[in-house]
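The chains carry the letters A, B, C, D, E and F, assigned in the order they are written, with residues numbered from 1 in each.
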Amino acid sequence: MADQLDPILSGQTSDVYFARTKHIMEMEGLNPIVSMEVFPGADGVLCGITETITLLRRVLPHNAEVWALEEGTLMQSKEVVLRITAPYRSFVLYETAYLGILAHESGWATAARACVQAAGDIPVISFGARHVHPNAAPYMEYAAIVGGCAGCATSAGAELAGIVPSGTIPHALCLVMGDTVKATKAFNRHISTDVRRIALVDTFKDEAEESLRVAHALGDHLWGVRLDTPRERGRVTPDLVREVRVRLDQAGYEHVKIVVSGGIDPARIGLFRERGAPVDAFGVGSAISGAPPIDFTADIKEIEGRPVAKRGRIPGLTLNQRLERIDL
Amino acid sequence: MADQLDPILSGQTSDVYFARTKHIMEMEGLNPIVSMEVFPGADGVLCGITETITLLRRVLPHNAEVWALEEGTLMQSKEVVLRITAPYRSFVLYETAYLGILAHESGWATAARACVQAAGDIPVISFGARHVHPNAAPYMEYAAIVGGCAGCATSAGAELAGIVPSGTIPHALCLVMGDTVKATKAFNRHISTDVRRIALVDTFKDEAEESLRVAHALGDHLWGVRLDTPRERGRVTPDLVREVRVRLDQAGYEHVKIVVSGGIDPARIGLFRERGAPVDAFGVGSAISGAPPIDFTADIKEIEGRPVAKRGRIPGLTLNQRLERIDL
Amino acid sequence: MADQLDPILSGQTSDVYFARTKHIMEMEGLNPIVSMEVFPGADGVLCGITETITLLRRVLPHNAEVWALEEGTLMQSKEVVLRITAPYRSFVLYETAYLGILAHESGWATAARACVQAAGDIPVISFGARHVHPNAAPYMEYAAIVGGCAGCATSAGAELAGIVPSGTIPHALCLVMGDTVKATKAFNRHISTDVRRIALVDTFKDEAEESLRVAHALGDHLWGVRLDTPRERGRVTPDLVREVRVRLDQAGYEHVKIVVSGGIDPARIGLFRERGAPVDAFGVGSAISGAPPIDFTADIKEIEGRPVAKRGRIPGLTLNQRLERIDL
Amino acid sequence: MADQLDPILSGQTSDVYFARTKHIMEMEGLNPIVSMEVFPGADGVLCGITETITLLRRVLPHNAEVWALEEGTLMQSKEVVLRITAPYRSFVLYETAYLGILAHESGWATAARACVQAAGDIPVISFGARHVHPNAAPYMEYAAIVGGCAGCATSAGAELAGIVPSGTIPHALCLVMGDTVKATKAFNRHISTDVRRIALVDTFKDEAEESLRVAHALGDHLWGVRLDTPRERGRVTPDLVREVRVRLDQAGYEHVKIVVSGGIDPARIGLFRERGAPVDAFGVGSAISGAPPIDFTADIKEIEGRPVAKRGRIPGLTLNQRLERIDL
Amino acid sequence: MADQLDPILSGQTSDVYFARTKHIMEMEGLNPIVSMEVFPGADGVLCGITETITLLRRVLPHNAEVWALEEGTLMQSKEVVLRITAPYRSFVLYETAYLGILAHESGWATAARACVQAAGDIPVISFGARHVHPNAAPYMEYAAIVGGCAGCATSAGAELAGIVPSGTIPHALCLVMGDTVKATKAFNRHISTDVRRIALVDTFKDEAEESLRVAHALGDHLWGVRLDTPRERGRVTPDLVREVRVRLDQAGYEHVKIVVSGGIDPARIGLFRERGAPVDAFGVGSAISGAPPIDFTADIKEIEGRPVAKRGRIPGLTLNQRLERIDL
Amino acid sequence: MADQLDPILSGQTSDVYFARTKHIMEMEGLNPIVSMEVFPGADGVLCGITETITLLRRVLPHNAEVWALEEGTLMQSKEVVLRITAPYRSFVLYETAYLGILAHESGWATAARACVQAAGDIPVISFGARHVHPNAAPYMEYAAIVGGCAGCATSAGAELAGIVPSGTIPHALCLVMGDTVKATKAFNRHISTDVRRIALVDTFKDEAEESLRVAHALGDHLWGVRLDTPRERGRVTPDLVREVRVRLDQAGYEHVKIVVSGGIDPARIGLFRERGAPVDAFGVGSAISGAPPIDFTADIKEIEGRPVAKRGRIPGLTLNQRLERIDL
């Protein structure tokens, strides 16, 4: 996706005052070597540093120096996660871009981690591309994986993360086929056997009844059922999961897993676990994809080796032994 | 930006189960005409419908019918804002994309409107591109304008919105020039006179003192000053604005405007107005760019003219006389 | 139920110190004419005064005088609702009994009224005998009717209130018959046609699906369906009611009513009405039957015409023009 | 009190739909052996199981099987406390009755236990018959004893619990006698010496002054004083108890106990103990007698040995090793 | 009390840095004419301005100018209440003193006003000298009168306010005399008939009983009774006042007034009035005498006619048309 | 300050009813030996006992006995801190005075202690004389020192406490001199070298900038800077302290201390310490000087050796082994 960098490299997605600053510096013949430090405004999972470095490699000269924390690191509020030392004109234009990458992706990764932590051993799948502009959705999916998710749902996001996308069956297919069992059997007929058969069981009938119908129809081919009861029907509850589990077991379908989705967030995951509901996977949407960005700030702290800072900030480089020198 | 549509058109940014659904329908020889209704999960400003229609025009056949509300409309929770009636295979692949466009952009536009409403007659400028992935940042800027902002900061966003980008002076330029007056004079020398001279006055000295220094140096060339006092120094307060105003006026600089930025949100705007602080413009960042998406849902409500719905939803088309037929 | 008075008349259900007081007064040759005033500790619906007067008629001598408010009156905290003027020995033994009658029944009637007020034009049926000792349950049902309920569920309670008991179908019958349609048809076969056919539709299947099945099976014989979705399945929601209504109407069963039960209280009733859910009747259990008694106090305020009172109370008779003289 | 069972046995106090269910089963020739499980909706003290078993013994056939927890057991929410396995027609009519017995009595016993726990070594006496319908009052008193109370106030309740009723002196006797000392001396003259002399000391005079007067008048005959200061005079406070104690002791009446009543509940008991007030007994009224019932539910879990359950419940018998087989 | 000014005039009670500032100005030969403005940090009743002007008259030269609001004015937060224009050396030493006078006295007057407002037509007497250092107590009493109190309790305070002090009977006198009636009769014998006879009735006996005893003993000589029930006995309640009133009236003592004291503050006064308790006067202690001072600030706003101000304040004189020129 | 006692000794600052009580006792020929116990209504630091004993020594006869806790002791609510046994007429007139001394001074000392505890090793200076009437201000300063403060600001207060007063530079001196550096240099020229040079750095310029200017001007003569940023400019923040520290250190002024003032209270002190701000001293104003008095009560507990008490209190002497016999 390297060609995605073009509008960024042109500066079109940056705040215009950086383009003007670059122009003024050129007109004034200024190009001091500055050290820029970047830090977050909250604790979280650092994400986007890889993409940032890819960008910096395209623009920085050979004598530049970059120090950074690793992708996926747990960072603290105000901890320096990136330091760039280079002639300022070489990278002044990209501040908006790399702050945006870090802010948005770290926000998503941090939210994903909260879900994953809440879920303990139970895998969490990111299902929330539908809440994010499609130009950014693959980066959201990538960040969810960095934050600990076991899977994501778009091809582009999965590619960025180096995995295979996950997917069950949408309500639309059940509605178009007119019956959940029919839809699941069609899926079973036409989709590569590499893909798990996970029936969606709340479209037409009671979830427990429908679970037994698809289990009966697909037998050992069925990997699991997905419960996605809408809010209008009281959402999926821990008791529903337990009941479906017992009814499947009593009918001899112990092998069928239960996936839970619909309004899932860390508090809700905690509730399911606290009540001992036998969930095999959680599908999470807006609790990850709707997470607020984490604000990042970039501060010039040295100019030609002299400590400086604007009012309110500490002049000079900040000690952080966790930073590692990046090979440009 | 039409070529931006390519990864969307390929389905790569969509949830993979829609690609599989399309494949199953092809294998089963199914392609019913369905009516899909799209509605938001909260009240807000509808944004993204223009981009959605551009996408649909690329993929829908001639016999399709699309109804929608207008870009920028105030929509209610659960109100149908878009209805697509077409052979389902023609658009099944794009549900993730158009929901993501609507969700993300309506979230931003709605947050922008809350700031604009709070500000009354005082213009609000969107400054928050730095919190959003650069691939999505221009759409955030566009949505801020749809929500009522008077300006935005990136070239790409301004282009989408059909306006000219705004920008003052970053702290970095002051630091590199070593003095705020020097930086402002350089800006005045090299930047087109079309662009307003707005000095940033909190980098080195007391804001009131620095305001008087730049006013003295630029005289009538100075359009305004920007107060951006950092949180470490207590943020910009209504009293600071009033004091700077009086000191400028007492020195004869009544023409110099005051722009306020730094942690501005509707509550903070309300405080400035309630205290009667003489602010001439607000710069808003994460209160707009960090707004959560508004969840949108797409439901099949008719198949070949028959009312249908999944459990929890009302079968059949929903009456909404505000919908208008779109010319495809 | 007059013979139910026997254990009360014997004093066995009274606090023993009243029996001792009577004995001491006899031994001391004391039997002054006292005026006893009875008042509640909270606002509410007065209930039990009829039963109290029946009791007093059995024990008071001819020269006694009783003043009271009417059954079902809205009373205020500390308002005198009953005044007995009689030789004290004649009624000293029954204070515990009449206070208990008034306290328990007024508590239930007041709770019933709160439900009825919340429900507006929609009738409320008392279903809560199962939370009350069976010796008291008929009085609870009676009080619910005094408080405004349109029906109750036990034969004894209905008899006290002068109405016919209401009842639908218990889950047990569906389970024993193995199918809701079968159970409803058996009900239709064997129960007098005076009794409305109200199918219980949440035992085995999705409520909307089952509603359509019983409507199809009974046609015009079906008066209504009862939704009683358990808490484990998210309780009955306003959206469920609306959906069942639309699905019944779309299938031509506009005549079938919808009864809602399960955890119904005034707040929940308010929610259904606020959301415009088309409910035809509410079944209320513990929100009425589990209501706390309203504390009543009996104070001697005159002895042989002299104003008296214990510390903390005002000596002498309390003016209340709403009291009416009772014909003994 | 066996003849109290008659209206219950006739089914008149049951929800009418059970009578109809029985009739339908008879008409359909159905009488399967079912297992019914009964569980509470909250933690508490199980009470009423003895009365329930007495009822079941009257109605179940020889081949029936009943399992139950013991009267007074601490039960957990949703724990099965009773299982009946029998031909369903034999006991279908009594579900309302036994649920009502368990609900009401367990509610009272649980509230009593909370008071007793709060009081530690200090005995608690149930005084609250005046808030309960006299038909149910003896069962409330019985339940209070099951919950740990040391005494109760009605003859019928004490008989159910196998103890002797407690009682002091009502305000009415003081008022009728015109003086607390006179009333206490009359009590002393006429009441069996088996009964403790406990003077009520807040009717006419300051409680400390009156305590000294009755102590002086009765000397060693006086067992204790009861403080019952009304809310209008600030209720009994820990400081009042301490002061009365010291003034009695300083006058040589160390043997006189102090009983505290009036608005006593666990929080208030805790306050007295936390402040070290020398209370010898607490009299508790509506904190026990006004306690809400604990909701109990009865579910059919097996029919002719097959696991069943309505939606929302787990089919089949529930394991509970604490259940014991009851000798019918 | 003019000689009380001596330690103030010597500067000993001022912050030492003002003495040093005066010394430095003398050494530097500086004595500019400055305008000092004084304003409060909260809304309230201005008190102490009279004492301040008395002080300024002692120290300011003839060419000085003083503007001020009147004693007792309702002032707003940040409103200028005093402006001094004079050679700065003449008054630099007294800033601590006049700020302290204004702060402490305005705090007391403002609290007094809150009580008086709450009490409506019922007079309020200040009883709180016992919570204030005796050197300041008369000024507290004076401020209470400025705030609207109808009386105060110390001779020195009453003298400052130009009234006669009020007083009832302390518990100590009752204890020393051994009986409330005896103490009240002794008061009646020995104290000038100009002084109202107000018996304190909670020392030994029930307040209602004691009220009747003193009324009986003094007859028409008794002006009123004071209820001061201690917290240990539940404080004075509205119901107690009502009861005492009725018992006095029923015994023919309608002329006896009721004074209420003990923990009285605006909320408590409001409760008495809301409940309609027939109180004739309130005695208030720490709700007035323990009120926090209102912070006052003095700012130099002009030096030799030039507007100046420290950072954070607006340079130059503040418009306030309510200020009046003081005759020095 | 012994002559300050005169108005107290005359009884003019006492509640007038004590003068009347003394008169009545004289007329009745009563003068019993009483034991009066004094106790506080809240936990705190006892202060004023020294001044109280000085007063009592002036008035008590030789046979009197006084027991007390030591000045500065931590006392508990309701603990007896003073017991006077003497002929009552000798001290009846001074109850208002000694209660006022104890209440006001203990209130201030307790508040001072809360600041000192919060500050740990960092010294706290009392700066709040400006909120207290000048007649009482020295006692407030004295109490602050008893509560643990390291310094105070008035000469009279310092004299009472046996220390030397502290003071920096007021804003007024900076304004009059027109420049902070000029003012500080004048201070350095004219004030005894015993006094520390502490520059006030927020009058005209940014605090960090001004700190560097004064450090440069005074060099080793400068002991410290005081930060007193007004609320209008966001108050002093922990980050400001840290930044000033670093900027001073980077310029070689490690010896310059930082004093923080302006709205300082225990919570704010806690914030500075929690954030690790390098503060060298705190200046505290109204958090000490505006503290509410602690209510003290005086109770007669013995008369001629007989235990007595008013209602609500325990008759007889209270055991407190911490009391020590005072040498009169």
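Assume a residue touches a chain if its C-beta (ideal position, glycine included) is under 8 Å from a C-beta of that chain, and two chains touch if they have at least 3 such contacts.
In this text, all values refer to a predicted model and were calculated from it rather than measured experimentally.
Among the remaining chains, those touching chain B as well as chain C are A, E. For chain pairs A-C and C-D, the one joined by more C-beta pairs in contact is C-D. Each chain's centre was taken as the mean of its CA atoms, and the one lying most distant from chain D is B. Centroid to centroid, with C-alpha atoms defining each point, chain B and chain E lie 58 Å apart. Computed from the mean C-alpha positions, the centre of chain B lies at a distance of 65 Å from the centre of chain D.
Averaged C-alpha coordinates put the centre of chain A at 22 Å from the centre of chain B.
Chain contacts: chain F has residues 204-206, 229, 231-233, 239-240, 243, 311-313 touching two or more partner chains.
If each chain is drawn as a node and touching chains are joined, the picture fits none of the line, ring, star or complete shapes. Listed by chain label, the pairs that touch are A-B, A-C, A-D, A-F, B-C, B-E, B-F, C-D, C-E, D-E, D-F, E-F.
Taken together, the chain C residues at the contact with chain B in this complex read 206, 208, 239-240, 242-243, 246-247, 250.
Residue ranges on chain A touching chain C, taken from their complex, read 204-206, 209, 229, 231-235, 237, 239-240, 243.
The part of chain D that touches chain A in the complex is made up of residues 307, 311-316. Those residues of chain E that touch chain F in the shared complex are 4, 7-8, 11-21, 23-25, 27-28, 30, 32, 34, 88, 92, 95-97, 99-101, 103-105, 107, 127, 129-139, 153-159, 165-177, 186-187, 189-191, 195, 202-205, 229-233, 286, 289-293, 295-296, 300, 303, 308-313.
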